[in-house]
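Following this line, the structures themselves.
One chain, subunit A, appears in both complexes that follow, with subunit B as partner in the first and subunit C in the second.
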Partner chain A sequence: MSKRKILMSLATLCVLSTAAAAEGPKAGGVINAVIQPEPPSLMVGLVQNGPTQMVAGNIYEGLLRYSPKLDPLPGLAESWSVSEDGKVYTFKLVKGATWHDGKPFTSADVLFSIEFLKQTHARARGNLVQLDKVEAPDESTVVFTLKQPFGPFIGIFEVGSLPMIPKHIYEGTDFKTNPANNTPIGTGPFMFKEWQKGSFIRLVKNPSYHVKGKPNIDEIYWHVIPDAAARSVAYETGKVDVLPGGSVENFDVPRLSKLKNTCVTGAGWEFFSPHSWLWLNNRAGPTANKKFRQALMFAIDRNMAKDVVWNGLGKVATGPSGSAIKYYTSAVPKYDYDPAKAKALLKEAGYKGEKVRMLPLPYGETWQRWAEMVRQNLQDVGINVDMIATDVPGWNQKVSEWDYDIAFTYLYQYGDPALGVGRNYVSSQIAKGSPFNNVEGYSNPEIDKLFADGAVAFPDSAREEIYAKAQKILVEDVPVAWMLELQFPTITRCRVKNLVTTGIGVNDGFRDAWIEK
Partner chain B sequence: MISFIAQRIAKAVIVLLALVVMNFFLIRMAPGDPALVMAGEAGAGDQLFVAQLREKFGLDKPLPVQLFLYVKGIVSLDLGFSFRQQMPVAKLILDRLPATLLLTGTAFAISFAFGVLFGALAARFAGTWADTAITVAALIFYATPLFWVALMAILLFSVTMDWLPSFGYETVGAGYTGLAHVLDVAAHLILPATTIGLFFMATYARMTRASMLEVVRLDFVKTARAKGLSDAIIQRRHVLRNALLPVVTLAGLQAGTLVGGAVLTETVFAWPGIGRLIYEALLQRDYNLLLGVFVVCSAMVLAFNLITDLVYRSVDPRIEFAT
Partner chain C sequence: MLVRNPSGMIGLAILTIAVAVAVFGPLLFPTSPWRMVQRPFLPPLTMPGLPLGTDALGRDVMAGIIYGARVSLLVGLISTLASLAIGIPLGAVAGYFGGKIDDALMRFTEFFQTVPSFALAIVLVAIMQPSIVSMVAAIAVVSWPPVARLVRGEVLSLRTREYVQAAVVTGQTNWWIIWREILPNALSPVIVLASLMVATAILLESSLSFLGLGDPNLMSWGYMVGAGRTVIRQAWWITVFPGIAILLSVLALNLIGEGLNDALNPRLAKGGRRA
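Here is the complex of A and B:
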């Protein structure tokens, strides 16, 4: 390269970096986003559904956030350390954090939150099962002591899993009827301002937010638009700027993504890692036979489903863990699309054309289309599928009562096999009446032991070995038919910057977002 | 007349209570319950969590006890508490009522006025191109599903032409007041009100046309002609007035359902009314909310039936109140 060219390149670089610096985060502006369905409440300590966290993730905070690689990031804790034996976790809280009513956030609030959530938050209750005690030696230090090492413990502190609750508001009250549930008070970057039920929720900037210079945005409006087509139109006509993942039907995504000044990202779901599969009833009927279940895996063209139904978004699932989850391994038996092999396995299984009841997930047109495609795949290899239509409550009941043969589902995995994977396969989670445990009825003492050991093994390398073994056994046994690692694309105007900066994505609040003028 | 009204009200209360009991059991026959739905939404529904929710909502009690408690509440005008929305049902309904009445009231007024007008024109010019055009248009609007009309209207007037807003009750965050606010709400109202209005307009037009053609053949119309009255007077004073009875009956029945909102239209246009409340309550098995809306709607239907009977009297003075 000549000297002149090098000089020109340097000059160009200089200009570009100056421009980049000039285009740094700008203060001000309003974001109009869609929320669906309308959350029943914004008090994330009491209600843990998706829409609640999406809005309340701006109001409340957890001690930690997580990067796309699921490494912990500072939240209300500025630093943390783990003892050598993996049993003591010490958190230093940020200085100067206050609740939206001006009261200081202290370690007493952390202690109170733990007690609060043990009573109200099913997932937190499970996550805290190894907690022996929690102490506050001073106002800005919290020490968690575990009964035994619990590998996933550092991963349970995001806002949806362990939100901080204001002690001065809730202590000594009936949590469920506290008036503050309707006017939530958190420490987050945005404060609750107004909620016109059925129309919109308005949040405004927290001027006393503990992270200097944040948030950049002045206001957020969350618009409640119940119809998927109407949500697409609202974006198309410029009335909303942000369609969080899952807001529109997948077949609308390619069209919307081609609109002027529109950016699409699948990022921001790494923590949740939505994983889809077919529940297969392991208790009775053809699906009780392992060879029949393996035949299903060969019979279903998952790549085609990804490309056609999900517009190329997501990945074919190789087993019980998503590839973003800790200790994932791809070294498991493979089930490529192979109808001939499926037919051979069905013959070995002695399948005689008995009717197999299949429940699609009643979450809209995308899921319906996917079920149609799977039915066609199964019919092609000679499986007699009876598709049963339900609405959400009906689906919940049939799955909870084990009244199905095949049922579509997807679940979040929360970053660690001990938090979001094991519950679907261990025998202790076989219990009628809940749609989100081991509803397939798979029971294998070896798997029970592996998941029990994996949760408390120490250090990480020991956990890795255990979970690799568990994944291999499960994929061989096919207790459920894993389908896709889902990606819910977030669609935004390109001028909205830094909307997704962590592995929790839009569920983690808009504190880093800014609008290009 | 007073004893007639008193008797009708007494009968209405009995019917209403019977409806409450029937609805109570009908809703519970649907699979699933609110506890399962909420546990599902939390994605972590262990049995303890589901049991806690059932206890909180009183769903752990035997069905007859639940019914007794509900009816007891209704008698003391308490519609109960919404499981999902975490609010008293009465407040939820009252909050949504203005938007629903604005939408359905506007649609009703437009459809009645224009339906009767077009029906009368079609009858007056029966057999001509005008009659054919009105009849064909009425049949098209009657036969086309509302949600499709709604989506096409959005596509044409919001997406393509950008004339009208596609969703909501007002421009959120605009801060309009006074006349500007009224005009803003009116702009948001046009598409949903027209969508509903077109369907009902078609029914009124068809009903008015058929009824007028029947009345026009009757003897008293011939007498009026023989007396030398002008055609306009005969049509307006004699034919239309007598032809309106079945139309008023239909309007009375439909007016009673106005409070229930328009489920599909409110959903597509994100109109924050009672129709959407029903849709969401049904999907979430929010029993108390659904029952509450049904109670209010049933009461309104009964009230409007009574009003219709009273209106008959003024439309046709020959009708007497039988007690």
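Here is the complex of A and C:
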């Protein structure tokens, strides 16, 4: 490869905007959306839970945005290049970008944001661990130098992962208590206007947004409606036009989808790629036996769960990586629904009807029904399942203290196996106290080495080979029982156009959205 | 005694059916009520063998109601027995000995009475982790105080009777007197109360299960109503039938309680007018 250069040129950008122009985006209009639950804060540099990212992603921006295929798109950086050895990343910032208070956005803000987030954002800290230094040769250039090549680096600049923070507001203050946290100031297409706690959050159009002609929408109201049934009703009665993924119970989705002028999409979650599985305790009990774990995979009818519990949304997971994640391979051992095979494996495993404790995920109806279905699948092949009822804190405690045999969960994967997959399988991540690490206690030196090598291998083809190998070994060993790649459908009125265009969907979607008159 | 009371007879008839279903139903429906037998959301009477349709996962609603009868009646009965086991001795001791013992026991009882019983039951189940044992225990703990107060009142009035005084004079022990002389005569109002308590216990069990605090391994009516609640607009039958089951069994127990009250009340039993 000659000079390796990833350049999303302005030409491509023009193609995108002319494509939109052909459909004729109209300026103006107000969008009413649901936000569930009410975010604790909109300062995304300090708080990163789901609803915060969803609202704040339209106020703040990252250096890059990501397509549904997770290819980088220009954000606050208009172009970027990577040195041949994969260690130096140079970003050119967009010209004329300003903060909502009128101050210009410069490379100094980028440098400040990196320092800010290292203090406040655990995931950003992890993502930046290979960063050696970051410099700003001039006002609109930022150069990141890494200690060694780190393939996932190009994937860490999304607004929820590395939002740009205004230096002139936060420098020299106590970040957590800065009063500006209540009136967030970003560079994004929408400006924070007001927040009536318990009722709504109102954002208005940023008239001097750095992308000319955007945004089209004048105002966004994010409505806080605590009850799931009431959220469905709010949509039906026309009070809201946008139900972001996860804001209504799954059982309501088919009914709402059938309403007139209603569009449903499962897209817009590719970056997060929520992946669900059953933690299987690899340390003790029947689940410590690999044959028993494989039997579980054959015993569970995942297609039926997808069709009945998730109304056909999502995909049956084939292994540790979601299919939208980089270096995903489907060339792994297959586990189709086959109760007879499961029974045979149980016999080989020497299972004699010991009680197996199963923890459902206490996130509402869907998850409860799903657990009941899986329990039935397991009982059908002769596994003696004892379902334990818990609430969220109880679930967290039991899972992070390893007090379970089988436990439902789902986690985000953040586009790259080094960012969101390896953590659940490498032995260095075995530690009590977190429900997000290697909770199952799987330990395999070969896997440890593959994930360690994969993170820093260069170029991409080398990484691909390593991760293909890792996926194969994991799927053979079944450290956890992968269930589904989840999809949280976004339900909108069809006249709301172009809302979901990137890999994080509604989280930064209002920049491109418009309303058909 | 109950024969002369038509509404009591109706109650008894319904309860007999419910008990028969609970005991013999599983013989007719040998498969688990959790089994997915058909496609989900099948309306009633559309498929032979599924008279009440299927729920959100394609499980037979009829089978759920039959297995649910076991859980509801069992929880109702056992938790009532348990609260009688707490309330009767406490009330008897308080009423018989009086004085400081009475004061102490009654303040203790009032302590439980002042806490809203359903809230207390929720807390207890949540702490002990939802299971059939914790549900029975929680219901027993919140429902014994009325028993204790009732028994205490009865004992207070009975211990001044001449036959009790005579027993004291002949030197019998206190425990013997309570057991042989007083309690048998205090029992009829307790029986009436107990039948109503079974009804309340069934309601409590259903409410707990409705809130998702039931035993996740046992099918119960409250669970069915709770699970069907979110889809009531698509599939009314999932909630309505178990709801009717709860209504009928609680109604039956109330009718029986009233019938028993009429029958066991000596003044009414002699053919007096009902107050």
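Just so we're on the same page, the second predicted complex is superposed on the first by the 493 of 517 C-alpha atoms of A that agree within 3 Å, B and C clash if a C-alpha of one lies under 4 Å from a C-alpha of the other, contacts with A are read in each partner's own complex, and residues count from 1 in each chain.
The rule we apply is simple: a contact is a pair of C-beta atoms (placed from the backbone, for glycine too) under 8 Å apart; a residue touches a chain by one contact, two chains touch by 3 or more.
As the structure is a computational prediction, the values presented were derived from the model and not from experiment.
Chemist: Putting subunit B and subunit C onto subunit A via the overlay, clash or fit?
Modeler: Here the two partners, once superposed via subunit A, fit next to each other without clashing.
Chemist: Return the chain, subunit B or subunit C, that is in touch with more residues of subunit A.
Modeler: Of the two chains, more subunit A residues are contacted by B.
Chemist: Which holds for A:392: it touches subunit B only (first), subunit C only (second), both, or neither?
Modeler: first
Chemist: Which partner chains sit in contact with A:106 here, subunit B, subunit C, both or neither? Use first/second/both/neither.
Modeler: Neither partner.
Chemist: Output check: A:181 vs subunit B and subunit C. Expected answer is one of first, second, both, neither. What do you get?
Modeler: first
Chemist: Pick one for A:438: touches subunit B only (first), subunit C only (second), both, or neither.
Modeler: neither
Chemist: Which of the two partners, first being subunit B and second being subunit C, lies in contact with A:229: first, second, both, or neither?
Modeler: Both: A:229 reaches subunit B and subunit C.
Chemist: Quick check for you: in the superposed arrangement, does A:50 touch first (subunit B), second (subunit C), both or neither?
Modeler: So A:50 only meets subunit B here.
Chemist: Touch check for A:255: first (subunit B), second (subunit C), both, or neither?
Modeler: A:255 sits against subunit C, while subunit B stays out of touch.
Chemist: Once you lay one complex on the other using chain A, what is the shortest C-alpha distance from subunit B to subunit C, in Å?
Modeler: Subunit B and subunit C, overlaid via chain A, are at closest 7 Å apart by C-alpha.
Chemist: So subunit A touches subunit B in one structure and subunit C in the other; where do those two contact lists coincide?
Modeler: 229, 390-391, 394
Chemist: How about subunit A: which of its residues touch subunit C in the complex?
Modeler: 228-229, 249, 251-252, 255, 304, 308-309, 360, 365, 368-369, 371-373, 375-376, 379, 386-391, 394
Chemist: Mind listing the subunit B positions that touch subunit A in their complex?
Modeler: Its residues touching subunit A are 30-34, 36-50, 56, 84-86, 92, 95-96, 99, 151, 154-155, 158-159, 162, 165-170, 172-173, 267-270, 272-273, 276-277, 279-280, 283-285.
Chemist: Give the list of subunit A residues in touch with subunit B in this complex.
Modeler: Spelled out, the residues of subunit A in touch with subunit B are 30, 32, 37-38, 40-41, 47-50, 122-123, 125-126, 176, 181-182, 196-200, 202, 219, 221, 223-227, 229-230, 233-234, 236-237, 239, 390-398, 400, 411-412, 431, 433-437.
Chemist: Would you pull the subunit C residues touching subunit A in the complex into a rising list?
Modeler: 32, 34-36, 40, 56-58, 126, 129-131, 212-217, 227, 230-231, 233-234
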